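Labels for the chains are A, B, C and D, by order of writing; each one numbers its residues from 1.
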Amino acid sequence: MRIGVFICECGTNIAATVMTQKVADAALALRDVYHSESIQYTCSDPGQRTVMAAVQKHNLDRVVIAACSPRMHETTFRRTVAKAGVNPFMMEMVNIREHCSWIHDDTDEATEKAIDLMAMGVAKVREEVPLFTSKVPVTSEVLVIGGGVAGIQAALDIADAGIPVTLVEREPTLGGNMARLDKTFPTLDCSSCILTPRMVEVKHNQDIRLIVNAEVEAVRGYIGNFEADIRKKATCVDEEKCTGCYICVEKCPSKAPDEFNAGVGESKAISIPLPQAVPLVASLRKEHCRRYIKGKCGVCEKVCPADAIDYEQEDRIFTDKFGAIVVATGYELFDWKTAYPNLGGGHYPDVITAMQYERMLSASGPTEGHIRRPSDGAEPRNIVFISCVGSRDESIGRPFCCNVGCMYLAKQAILTKEHIPDSQSYIFYMDMRAVGKDYEQFYRRAQRDAGAIYLRGRVGKIYPLDGKLMVMGADTLSGQQLEVAADLVVLATGFTASDGAAELAQRLNIPYDQFDFLSESHPKLRPVETTTGGIFLAGTCQGPKDIPDTVAQASAAAAKVIGLVSRDEMETSPMVAEVNHMRCIGCWKCIEVCPYKAIEKQKLRDGRQVAIIIESLCQGCGICNVACPPSVVSLRGYTDNQLISEVVEVLR
Amino acid sequence: MADLVTTIKQTLKDVELVLGWVRDPATGVAAPARFHTEEEAEAAVFDSTCVHNLAVHLPRLKGRRLGIVAKGCDARSVVELIIEHEAEREDLKVIGVGCGSILDVKKIWRRFGYGVEIDDRGDSLELGGERGPREDFLARKCHGCLEADPDIYDLFVGESAGGPAGEISGGREEPHPLSAMLEDLAPAERRAFWREQFSRCIRCYACREVCPMCFCRDICIMQTQVPHWAGGEVNARESEMIQHIRVSHLAGRCTGCGECERACPVGIPLMLLMDEQNRAIEDMFGYRAGDSLRARPPMQTFSIEKDLWGDEE
Amino acid sequence: MKFIAAKKIPDLLGLLARDARVWAPLVPEDSADTLLFLPWEPGAEVDLERFTQVSPKKLVMPGSEPLFSFSYSMAVDCERLEIGDARGVPGAGGASDADGAGEAPGAATVLFGARACDARSLTVLDALFGLEPGEAYNDPLYRARRAALTVVTLACTSCDAACFCSSWAEGPASTEGSDLILYPVEGGYLARGVSDRGEALLVLDIWEESEQPLPELAETDRVPFGTLNTKLLEIFSDMDFWERATERCVSCGYCTYACPTCYCFNIFDEMRGSRDGERCRSWDACMFYLYTLETSGHNPRPTIAHRYRNRIGHKFSYYPENQGTTLCTGCGRCIRGCPVGLDIRDVLRGAGER
Amino acid sequence: MSTIPREGIKASEPLRPEPATVLDVITETPNIKSLRLAFDDESLMQSFSFLQGQVGQLSVPGAGEATFAIASPPSQREYFQFSVMKTGVVTTAIHELRAGDRVAVRAPMGNTFPTDDWKGRNIVVIGGGIGMAPLRSLFMYLEDHRDDYGGLQLIYGARTPKDVCYLDDCRQWEAGSDIDFVTSVDT
């Protein structure tokens, strides 16, 4: 065994605090170390050539490079040693920058620590064995879950690269929350005007298969080779036949709540959510349908000119293979009623959410763009907007910012002035957050042009008085108690993860945070990846964000996906779990804990049942290692004995 | 014990063998036995010397149809073994016996000589003709008895003990006799205490082999080179290490049957460690091994939970 | 005959401890029901009534001991290996005093309060490890410890149901392996020297003269060995017998580790860091699966029954065949301490009746 | 049994191995390597002698010690050879060794072949796989004493052609006119 040790100076990043030559000298005293040196920039081309030359000159078979984080250059140096003829996995990186030079001041002590870290690396590499990557084929088709603006953008970008996409949407139409908005800040362009063409584009793109009224039920497999079961729910309408003529909707005798319009107005049991729906087909909600509640009706079937109604329709399950998955399941608005009894808890009809207000503002909404008080249909004069309802509120366990409330209230104040010129808007806010491009100007415009009065403070209470709503709050800037008589109160409710986000995450084996938003692999360096290879995030499923950020992330996810599936095959890491079959006791703890379903039972020739790792599924997370009572599952490159050697070395 | 014998015979119609006890003619106390035939079953007994936890044999007999005579405490081990797939419920006929507390025979022998005549009268004890307070010779686990009657059984024999034996003997959940002493010690003194205790260890692994939940059996990492968690030397340092390994491997598994401490030939108070950990597991996860067939052991559960990976920044 | 009053035993131990480490049956702290051979210190109360749980063989064959140390170093572009002293470095491996390895091999040691079965077991081990120079195999570490050991034996006037040393001719009266024997009598102990070394101890002025007669010694259970050695060979393949005999066995190593004549050991290297290490030897037990596990994964003794058959066969058949002596002295420890109540005599008698 | 020489192991220290250096490592098959060794102590190396078929204990201190047949003939005085299949901890460490590395050896040990009793007779040596190691020593001894024996036949088999050890020797045995060499593989 002949080990070479290279200490990187990283310019002064390391050398200013760690005496690299001293570390190199100390390496020479270690067993089997035949060469060591300090290099100014090991990752540079001359640095790498120095390493390769030393490997060849001293006939080295293992290499330790003490430099920066392996996240930075492990791949670089694996390639370097491989070029010099050493198995790339016989190279061990030791982090003496982030773990040492950057966090210490005392040169002597930092050098001492760097020596210890280097010696641990040598101890570990001594126990290393050559590892080899293998290749698996990649399925090119991509699954996008969620048909909001994020899913639409990702699907279109991926399809533009000529890659087939399946877009699954839970609702009857594409569009998501953005389709419900009237205008968008800070440009005030019409939401439908910019979104509808994209929805239609999806419909007509020959590389996109759109499945609405559908959910992903199960996902198996691994990066490049997923298999998903997609359940298409029965809607009693044959989508192929339906022409979207609205006759059934008009004749339907069963009333139903209008979810698309956030409860403003009413819908029918068979309905089309909006005129621009894609696909433009009706769907029937059995829970509201007279035929299913009372057992007799059949009007829609009778009136349908296209013969598209099929009461016998059943759920169907598609199973398909996908190379990558983009999760774009969006958000829902916080249900404020139980959390805020002081705001009326939903008992006052004239306290509405900003989304309900948005639907009133919309020309295609139930009020056709007229602002009307729900209680009496009168046009309000004084309108109070309250921000941060269900955001930034530790007391109800929701500490995070919704990212868009400040801006959409500014937008609604401006639109209010346009709709009712003699109206007066009051906005209770906590802090003004206008961090995007042109946002600050937009907020000023609400103040200046729309005359909105901004009051910094929380609202304590709302109570009705003489047909008005009295909004009590504190103005923390003036220190005064305030009371505003409002005709209408609009609440800027915060974001919550979409319904079922956690369950979906569990089905996909991806992590999620305490608020059920899905977690990215690294907040800065891997913002669209998840910890599961091949599954990417786009939009508000990952956390609250506005439309520009959503679209940017969706395109980023699309770029990652295109990079992945445009290859025919991909290399898999050999640093996965391994079972010593001779000693496996068949207790199956590993199978129970494996989050990737990467372990199976196998019967050996002698009849014993043992666990085997499906290497292409294993992500090398190591959970099976710790669950294995006799420790016969080990993680290649991180075996128990390697870790023990490191510990023994540092305790030496 | 006509009832027990009949029940075992009946069970044998359905299973290959039944694990139970016979009386050792030389000492008069119970010893573990396997009954394969009705004729053998005639010798079956159950009395207050049936201290052994027969569940220890289940993992080695996995896959065969068995009967097992179980006290309340032993049944807890059976439950935990089923949960951990080391025994199959459908392959098992549990013959429950109501237990009114058992004697630490080894303690009696060590004090009065091996084979001394033990006359247990239920409320008092005569040893080699001398009367001794029965309390002094109860198995320690009886003091913290959780179930005198088995929680799971297919057939029940004898009288129900009507509650935990600890209640019968006047105490419940009693801490280890040494725990109060140990709590008062400073960390360094505690260390010295354990060093002293483990300096006696001869690494015979009786603690491991009598433990029903040490089901790795022959493939135990305390003795392997790969991985090399414990050195091969017999000394206090290594013995402490292997016991730490054993204790942590039994996290969420130990049902507190006390067999390890009973089997230890050099008198190391192993249940002190186990008790401590069992309490910690109960506090942390609300889990007590052997409570329920439906429970999921915390150490064998992986679920993607909120904030599992946390934020790296 | 020489006599010592019971109350003067501590004084005797004090005299012995002047020149040697004295090991005697003592109750460890916090463990009243345990009795072990432990290093005696003034004030410690020796228990000469009960039996110890582990034999004193560790005084000649410690639970583990270093054989030698080694160290690697780097010279100019080449590696060097140095092998240390064959005598090892006692204690360097963290061995504790209670293992008996704390003393350097060759340090004067007294074993006080051994029973005849224990003392006799030393002669069994002598035959194997070689006491005299020039024997086919001489184990330097064993020899050094053995040569420095003085054995003061306590003759048994009573026994318990596990004892069976009377199975051999001299039984509790055996003087083999002892240097000095104490006989319990009214008020104290009569003493008789067996070896020169034992006689030399009788010169100490602590002894009184006594006219008391030697007490009657215990009469233990007897196992009829007779032709057991050939019988065991006959039933070697009778797996049914061995399986039934070991049904309650859980395969722990207590019986072998407590046994005064079991001598199997394992040799392995322990590293202290990556450069320095020691080759060590420690007790091994034939009841362990790993004892015969081969690298290929094959184990010629895969089940407890196979392993127990070997244990019995080795003690009572093959070893007597080869060496002329049974690997057992009837001390009964394996019976007293077995966690599952397995009695080796039942198996031997069962084999005899087969 | 004839006297077995024990030169190499000090009678007073039977447990202590002697340091030796790896002179050469020969890769015989994908999982078998031969090591040629010499004791570091030159006078010991000069007096070191063994009989065909005897074994030695080879240590890689730190990994452990294991028994291997000496695969070189007694007449080879420059070095002695072990052939080792990689299976466990010690053999893996042995496979890591390269020329110049240090090991430790206790040898010779064990019994020999009763070659004296075979004089004047025809000898057939049959071996397979790594089992050939002691037989190589034996066969080369027989070749060294060719005149003492009648016909010499060597039958050597391995699982597959890639598992055949001692290819160079095989070629020489094959070419040798006065020995009969037969090889076979299982598959």
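Definition applied: a contact is a pair of C-beta atoms (placed from the backbone, for glycine too) under 8 Å apart; a residue touches a chain by one contact, two chains touch by 3 or more.
Since the structure is predicted, the reported quantities are computational estimates derived from the model, not experimental observations.
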Relative to chain D, chain with the most remote C-alpha centre: A
Chain closest to the assembly centre - both centres taken as Cα means: B
Distance between the centres, which are taken as Cα means, of chain B and chain A, whole angstrom: 49
Separation of chain B from chain D, taking each centre as the mean of its C-alpha atoms, in whole Å: 53
Distance between the centres, which are taken as Cα means, of chain D and chain C, whole angstrom: 39
Whole-Å separation of chain centres (CA-atom averages), chain B against chain C: 30
Residues of chain B whose C-beta touches two or more other chains: 217, 219, 224-226
Residues within chain D bordering two or more other chains: 64, 101
Multi-partner residues of chain C (at least 2 other chains): 72, 79, 268, 271, 274
Residues on chain A engaged by chain B in the complex (per definition of touch): 502, 505-506, 509-516, 519, 522-524, 531, 580, 583, 585, 587-589, 592-595, 623, 627, 629-632, 634, 639-641, 644
Residues of chain A touching chain C in the complex: 28-34, 58, 122-123, 126, 582, 645, 648-649, 652
Touching residues (chain side chain B, partner chain A) in the complex: 84-86, 215-217, 219-221, 224, 226-229, 249, 299-304, 306-309, 311-313
In the complex, chain D residues that touch chain C: 11-19, 59, 61-65, 87-88, 91, 100-104
Contact footprint of chain D on chain A as seen in their complex: 1-2, 61
